[in-house]
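Just dropping this structure here.
Order as written gives the chain letters A, B, C, D and E; numbering starts at 1 within each chain.
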């Protein structure tokens, strides 16, 4: 098998006494879509935070393409190819939709430190940004101020920013939460496309089982911060740990009976 | 649309929204919403993103103000009274963004939510059963909770005291299946205690399982209302109203 | 018309001083013209300009006065910093500026030019007067002053004046200008003085807030036999000195100290008009007003050169008796007063009582320009 | 052409465009439109404060960084010119060297402060700048041998820039439209030209990709970092740039006044004035600086005159003349502040552009 | 009903330093006092300096407490706080001056009675003023720090000018009530009587504030309201009323601080409050925005350090406060006891 694109070795973080991520060792390969599941508070978002550098690890290492990036800053990791969308919508609220995406494209193009040219002179960046908005079907809203978007559209924009960044590692944290059934497929199709691009790795945190079933190549389960299972979807979904801790054994039918 | 009266529950509705129009800045968001929430049942409010579901709930609690139309709660006109008074009249609210006080601990969030006095320990136990992490993180800052834990806290806050009507905006987003089930249980308990619930939900499975009546919105209006079972049993209707294409679980 | 500009900090922290200064000036003009407000048959017009205590404003306003309003001479300002910024303007426009009541030595010292006259006393005059008042055999003097140029210059002048009498300071204490708690300074002074024999005096020069006298007094310096000394102050400040009966020092003015017709008129008129006695800066303003009128009379015109010639060496009567513009640096030499505080129940403030009038000849004020 | 000059950032409001044009014309022809020492002095101050305020807005309005050291940088430029003019003798070389060294030193100091404090968090920067600025003010007061202490420094600028230098005797008979052609006039146009250049440069910077990143950082620095911008570098660069331009405006001020002193260039009062001008004009728009500085300097200079008129008119009424006395101008300035924040929360420019 | 599956997060033992961290600020005061003894050497001077430093700290705390309340709880930066201090001082001192028969009597009881009357009058006046301030000036700018700085500064200017209109531009000098003049001496050490009064008042206010904030919901409501006012209203609280109440309380505390400060200074000016503001801000910031305890400890530290430094090396006194602030912020960027996560 080829060398993994991203690995975490014994990655650990403690908040006071609480071990939120507990020595997680895992490798992710190009062209693979891994779903990360686990109960609320299992440490999924925190695991993402450690990979993208938002919080420093208490112990352990993160390597990208064989390079140790454990101590690198968030922006350095982003430039190196780690990109993520956030679970809690996290945008530039007073700027327009287009400007949000344009800023990402501009960062990607490395033109941020251009002090003496006019923004309007960089028409190519604007075109790129509009392309991406078209892909997530937000083009019509491009001149709207972000804080005035509905929740669902903000979630879409969150995804658009990540796509604009076009990193090696895509990390989605519950991308479709709060998206209506007719909107969610737009985003899910985009994710499926990414997977098809064989040189990218996608990590997906998601609670909707149907989504995981259709998209995931592999599932890892976090439980109380530790890696509890890792393997092919069908096998992992059937495992005790998932059935008990995640789906809630004895509760499967509840929804149908209340 | 007027077949609401025959939805199986008795008496006049606890909440009547009569033709409200709500603007946000220069945008006309709600354009004549009519909605009745019967006493003692779960009423679902469904629809695609951006059609005005959240705006409707916010108009009820008074965060946005309807400039036309009336909102009657338990027979009283609450269209223009201050939010705090609306809440004290017996409304519990779970906002879409959860409205967690991030710098307060879980405990402090709950203490605040118990408006009329100290927390009732029995009720708290009941909440802990539904949402165990709240017990574990009782003294942590709420801002540090995981996404799902925040959602639990938000719902728990609304449930800490008995309310006549709960307004709940997308409670299941970000919750693991096991928790969704227990939450559904908790909401059912509420209903059994005689409370009424008006709930926005994108997860159709949950809507189907919990809802007694349903209302579908589009473009700032309610375009369909009726029994939840009727909607659940009619895929073409779903397709027409909400663009549902994926098979509901 | 004869136009006189009064450029001073009407608004800001020195508002009270400014008002006195202006009232004094107007009274001076009135007195010197016998109530007609006319000299040589021409009407005197006073134009007021507010520097807001900002040097750049002082400068611009003086330029405006000379350039646009075409005044014949200008008087002011309250603060030394503003005055120093204004000095070159007078030179540039070749017009007179009578400085009143700013006190920095350098105004008639290193930064002086020949268009500058000053009627107010300078810091050295305060210091020398106090030194003469306080010095004596077997008297130990410690000082407390603000730690910046004015405080240090004041103490240096005081030290020099003491040295001229053959005495020295036993301890010099400097505290930051914004000090509010003087416990530490007090302790340091007490520690330096407590083992000395003989009379012990603490000489304080302090401008603005902070009120070090009251604070150190609350530490009970009499335990160590230490008494206070200081320079005079305005009436409002003297109200805080009712616990300091017996304190001695040198002062510039208190309305009961001088004995001359000008002062009699001033006190009487001031009581009539304002129902209160004239204060420090009222006397100064009046001296400046009279000086202006006398100079114009003597020069016969408002031509600048004629005025300079007339004023160099000019002697004129003020509420403080006769003053004289020294020809070398245009500083007004004037009497000062050695006082001792007395307290009376029905007077709101502590009364500086005359010990001795220090005449011009008693005061060796150095020329430093 | 105008578009490029304005870096594509057009006023976007007819009233605003008109206002700006009026201000530009008044400033450009001030000596001819309003002859008089005081009025020209006011115009020059407006020019200088426009640049100073605009440079502060780069930091505050675009970068979201609160600094209390802006007057310190302003003062560094001013003292630079004063010191070189004092020690090198009057001359244009002294002015140039003073301005450039002042700006360079300001940038270096800003770099140090920025690297030290902006790493931690933005509010830290506010505290540290407050501390450094007050320490520098104390230093200037203590080093009175070099800086003149509280009294400041008075110095001479080249003769060509003084009122004694006359020109155009033959062609214009020494006067144009009744205005004397002298060095003072030249100084005014030096100030005006310098300010205009610096202003246009700032306008360009805020409309460059860099300026947009600053805005993004202000909105959400966390996310800006997460899309690959090194937030510290951008903040530090903005700080240095803003410091250097503030220093240059300080140099212009010193040239105009031929005097520097701590109260004139370093004081906290001026810092607060700058803040007010930014907010009155409108944060996050460089045009706000023009409006804010103009209104504020005019109010500072002429409010008193207006009040003495009003006070005269209300003679005999109870309390009113007392309140309207010119000595109470600060009172009304306070009222004006409050009203302007009330009615123009996004500044005059924001209001004219139709924001909240 | 069936219960959700049990999840128990993994816990590790936290280190000793972690557990001691919250108490570290408390230790600073005694540590500083001991360091002071070593530096000062002379025990009598040390005692004098220490007691007066603590008392000075109490006075700063009195003036700052209202600010930290408003700043911390409501997230309102009130640059006009100094105006309340000034107004408090003017009202209080005016009352004292009319009660000459009480203040001139050499009886501690009568003197304290006069002071009590002055304090009550000052607090009442500043409370009313606070109410007006909140309604007119602060209300439109909740949540916007910069506008707050500006409008409150405008309010400050107006208040100072009104003081000048009402009381005239001159500073007002006066002397303290008879029984509070002078000092108690122990050997060579002297402890001012008035400072002992301030210690008493300071401790009382501190205890009262702690009680209200810990034992009632008011603190919670306000803190929550700052983060998300809509949600607090949706829970059923009239946030406006609580906000006004807190602002009024903060203003009244400033008024109290003003009287105490005026009595200490024995001279009052319209600008006195504003002049104290830098010190007040330093204390509030190093304490941790909004922390009453932090403000208290910070004030004591400032009072003590100022005295020790001024005694040992007066030149450094200029920068001692700023150095303290920088040092504490380097150690804890949010202040010693951070309460509200300031942006």
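The rule is short, and it goes like this: a residue touches a chain if its C-beta (ideal position, glycine included) is under 8 Å from a C-beta of that chain, and two chains touch if they have at least 3 such contacts.
Note that the structure is a prediction, hence the values are computed from the model and not measured.
A.B. asks: Give the chains in contact with both chain B and chain D, ordered by label.
C.D. replies: Expected: A, E.
A.B. asks: Can you name the chain that lies farthest from chain B, using the mean of each chain's Cα atoms as its centre?
C.D. replies: C
A.B. asks: Chain B to chain C: how many Å between their CA centres?
C.D. replies: That pair's centroid distance is 77 Å.
A.B. asks: Hey, how far is the Cα centre of chain B from the one of chain E, in Å?
C.D. replies: 44
A.B. asks: I'd like to verify one number: the distance from the centre of chain A to the centre of chain B, where each centre is the average of its C-alpha atoms, in whole angstrom.
C.D. replies: 29
A.B. asks: Name the residues of chain B that each touch 2 or more other chains.
C.D. replies: 133, 178-179, 181-182, 185, in rising order.
A.B. asks: Which positions in chain A touch two or more other chains at once?
C.D. replies: 39, 41-42, 245, 248, 251, 254 - these are the residues of chain A that touch more than one other chain.
A.B. asks: Which chain D residues sit where two or more other chains touch them?
C.D. replies: 328, 330
A.B. asks: So in the complex, the part of chain C that touches chain D is made up of which residues?
C.D. replies: 10-11, 15, 50, 53-56, 59-61, 63-64, 66-68, 80-81, 84-85, 87-88, 92, 104, 106, 111, 148-150
A.B. asks: Residues of chain E touching chain C in their complex?
C.D. replies: Per the touch definition, chain E meets chain C at residues 42, 45, 48-49, 52-53, 56, 164, 168-175, 181-183, 185, 188, 190, 192, 194, 265-267, 269, 271-272, 275-276, 303, 306-311, 314-315, 317-318.
A.B. asks: Name, in rising order, each residue of chain C that touches chain E in their complex.
C.D. replies: Chain C residues touching chain E: 13, 15-16, 19, 147, 173-176, 178-181, 183-185, 187-188, 191, 194, 209-211, 214, 218-220, 223, 234, 236-243.
A.B. asks: Along chain B, where are the residues that touch chain A in the complex?
C.D. replies: By the definition above, chain B touches chain A via 24-25, 27, 47-50, 54, 96-97, 133, 137, 144-149, 151-152, 170, 173-182, 184-185, 187-188, 202-206, 209-210, 242-246, 249.
A.B. asks: Where on chain B is chain E touching in the complex?
C.D. replies: Per the touch definition, chain B meets chain E at residues 61-63, 82-85, 87-88, 91, 93, 95, 99-104, 108-109, 111-113, 115, 129-133, 136, 143, 157, 178-179, 181-182, 185, 189.
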